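Below is the structure I would like to discuss, written out as structure tokens.
Going in written order, the chains are labelled A, B, C and D, and every chain counts its residues from 1.
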Amino acid sequence: MLLAELREQVCAANKELVTHGLVTFTWGNVSGFDEASGLIAIKPSGVEYDQLTPEKMVIVDLEGNVVEGDLRPSSDTPTHAVLYKRYPQIKGIVHTHSSFATAWAQAGRGIPALGTTHADYFYGEIPCARALTDEEINGAYELETGHVIIETIADGDPMEVPGILVREHAPFAWGKDPHNAVHNAVVVEEVAKMALHTMMLNPQVSSVNQTLLDKHYLRKHGKNAYYGQK
Amino acid sequence: MLLAELREQVCAANKELVTHGLVTFTWGNVSGFDEASGLIAIKPSGVEYDQLTPEKMVIVDLEGNVVEGDLRPSSDTPTHAVLYKRYPQIKGIVHTHSSFATAWAQAGRGIPALGTTHADYFYGEIPCARALTDEEINGAYELETGHVIIETIADGDPMEVPGILVREHAPFAWGKDPHNAVHNAVVVEEVAKMALHTMMLNPQVSSVNQTLLDKHYLRKHGKNAYYGQK
Amino acid sequence: MLLAELREQVCAANKELVTHGLVTFTWGNVSGFDEASGLIAIKPSGVEYDQLTPEKMVIVDLEGNVVEGDLRPSSDTPTHAVLYKRYPQIKGIVHTHSSFATAWAQAGRGIPALGTTHADYFYGEIPCARALTDEEINGAYELETGHVIIETIADGDPMEVPGILVREHAPFAWGKDPHNAVHNAVVVEEVAKMALHTMMLNPQVSSVNQTLLDKHYLRKHGKNAYYGQK
Amino acid sequence: MLLAELREQVCAANKELVTHGLVTFTWGNVSGFDEASGLIAIKPSGVEYDQLTPEKMVIVDLEGNVVEGDLRPSSDTPTHAVLYKRYPQIKGIVHTHSSFATAWAQAGRGIPALGTTHADYFYGEIPCARALTDEEINGAYELETGHVIIETIADGDPMEVPGILVREHAPFAWGKDPHNAVHNAVVVEEVAKMALHTMMLNPQVSSVNQTLLDKHYLRKHGKNAYYGQK
């Protein structure tokens, strides 16, 4: 993939955040990763979505150093970079403060898999990472945010549960490309809303069992997937 | 009815899901049944609503076998087919993951008839079907989903309560044609939202009595109906 | 006022229901009263709002008899007519199934005056009428609905609290003309939403005191009102 | 700054209330302060937003006396004026009845800092002022509203927590100019919504600690701020 193509994908994916109602002001950013060059394209910090053009995307390396671009990259760049570095499967990352998912993050609770809407995309609970320590907050904060995400995923496959809640903060989601990452961020918000209302109707509700989780997740994502066109 | 006309109705009804805000991405599908030919037209799987044309609708028989069309039909086709087969009154079926109705399905609760909005369309509670067994999930899952819906309706008239919640999944609704089925799916979502908020204001609330249920349902649907124009 | 003018006002006010998001499908109607002729113009039953024209408004008398028009009037016509007959101050009436107000009606609870938003328009609680008896439901149902509204207002001034919840049903609102009635119906819905959320944050919350109620209501409606332009 | 410029800014900021969905009817107003002349431009009372032009903005002095303009200024003018007089840092003020923030005001609860969305803008809880006494309500009500706001902020820096809830009433927000004040009013509403849902998921949730509050607030607002472009 040429960087020009990655810039276009990342720019378009950032604008999709607005289309899907995931962002207020500039409270969200999308990046994409190009495996060939080992470089990341990411939204510039604090720039409004309707002002974004492919040229304004900032190119950084896996350490978060700016390689191309006159604008500052998103302040969350170190979080994105460390995730790409640790999990080569991830090719697009989204961070938003979408309303219902942020409420779960603020409540310090993971979103349990309460139905097939969730199971179609997330192979189990969308976890809530632990709170950062004071040392981590006062240190390389955005990098440490990436570290607690990695600590939570650990050696799991990040593509099986392509999203997480950062405690007292907000969600991150990822995917096989920037567009797919936004898609997953939309699903995080939708299931967050449904799960809140489910809890209100039935506070003792439990997660779907493994059989239903397997059925729905694998119907869409397994090697015998039969959802969609061939 | 010509199949061409059915294709048009089904295509239009699928697009109505977007107009009424019932779907995120491709999380919903509408089908229609033509009595003369015994054939069903249904949305192709995973295709975006704005890409749909009458020609893309897939024609299947009552066993769910594709009769016409190059695209795969909705993965939920066996659920639709078995309902048409069992209940000849049904001429249109809708499945969505609309947010509030899905919350009730996830909570495992039927939506009680708490007021006249509900009683105008549903002659009693919108039931929540039992959970599928592991065997059913691992077997012909979508067909078994149809079977638990039928088990719930049993020998009742499906037109008196034209919708149901599939537990841990989401709502289905139906009607005398595809457009009417979508109409009923909208009502399921609206009453699901109202009923949640009603429960929050009065957790001990009980359903309306039979007299009010009769009055409103029959005002719109009985042989002496007097709502609307003649 | 000429009836032609009333027809236009009532037609426009019905369309405002859509603009303000108060209605799904045809779940609402507006009427207006012309004092000179003693006649009412009201929405035809079951006709979609974008199909309405002034000519389609149905003219009825205070007994609800059709005087002019080819279409059937709203099935709620007897409720409107009896309110105009009893309270000559009322010149416009609205009935909707707006979502949050309907939740309060279904819960059987009046909406308490919890803040100045409420007090700016309603001089006290928006009451919830008693349930109709089986006899009333099986009798002249829509007329009896009007009677329980009148029983609730009694000899009070309906313009001081220009709205009510009909139990297990939905809200009615009214005003000095059809447009004003819709305005009040919007406020009923807004304060219903705010009050639900207030209750969730503070279940023991009590109504504002008489001093604040007086201040806000009279600031807008008293003889020394100083809100708006002269 | 010329008054002509201030008029334009204030007019535009009032229209932003509509864009951001903060207002129903005319339930909100924005003003701006010009330090050089010591004058305030404010929305005329009860005029619809789409009717506003820069020329219609009313110019008042710090005592709230009209200096220029044919229209009555907002009835809340004395509240705005006394805040500008007491806190020269404030250059724009907004009052709305935005739905979720008003629910917190009606519940008599300040909005705690439950996450980074809040901490990015508000350096601690958004407080809820005490209720006005009967004497204050019956006296110079709008001026006394300003006084209880000032009593709550006291000698704090109003720019560190640029918003407040007036009990049983609704929010006020402010900023370094009218546009920035509207921006902060949007944030008050967003965090009010998130915080309500957080409370529902975790009623015992506590505020973020000082370290995280410092990190996020100062990342955007401190002298070493690194969010956005230079």
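Quick note on the criterion: a contact is a pair of C-beta atoms (placed from the backbone, for glycine too) under 8 Å apart; a residue touches a chain by one contact, two chains touch by 3 or more.
Here the structure is a predicted model, which is why all the values come from computation and not from measurement.
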**OP:** Trace the shortest chain of touching neighbours from chain B to chain D and give its length in steps.
**Re:** 2
**OP:** Among all other chains, pick the one whose mean CA position is farthest from the mean CA position of chain B.
**Re:** D
**OP:** Enter the angle, 0 to 180° in steps of 5, of the rotation superposing CA atoms of chain B on those of chain C.
**Re:** 90
**OP:** Compare the two sides of the chain C and chain D interface and say whether they are made mostly of the same residue numbers, over half shared, or of different ones.
**Re:** different
Original post:
Distance from the CA centroid of chain A to that of chain B, rounded to the nearest Å?
Top reply: 33
Subject >> Chain centre separation (chain A, chain C; CA means) in Å >> reply: 46
Original post:
Touching two or more other chains, which residues of chain D qualify?
Top reply: 200
Original post:
If each chain is a node and each touching pair an edge, is that a line, ring, star, complete or other?
Top reply: ring
Original post:
What is the complete set of touching chain pairs?
Top reply: A-B, A-D, B-C, C-D
**OP:** In the complex, go through chain D and note every residue touching chain A.
**Re:** 114-117, 183, 186-187, 190, 193-195, 197-198, 200-202, 205, 208-209, 211-212, 215, 219, 226-230
Original post:
Which chain D residues qualify as touching chain C in the complex?
Top reply: 24-25, 27, 44-47, 71-72, 75, 97, 99-100, 102-109, 132, 134, 137-138, 141, 168-170, 196, 199-200
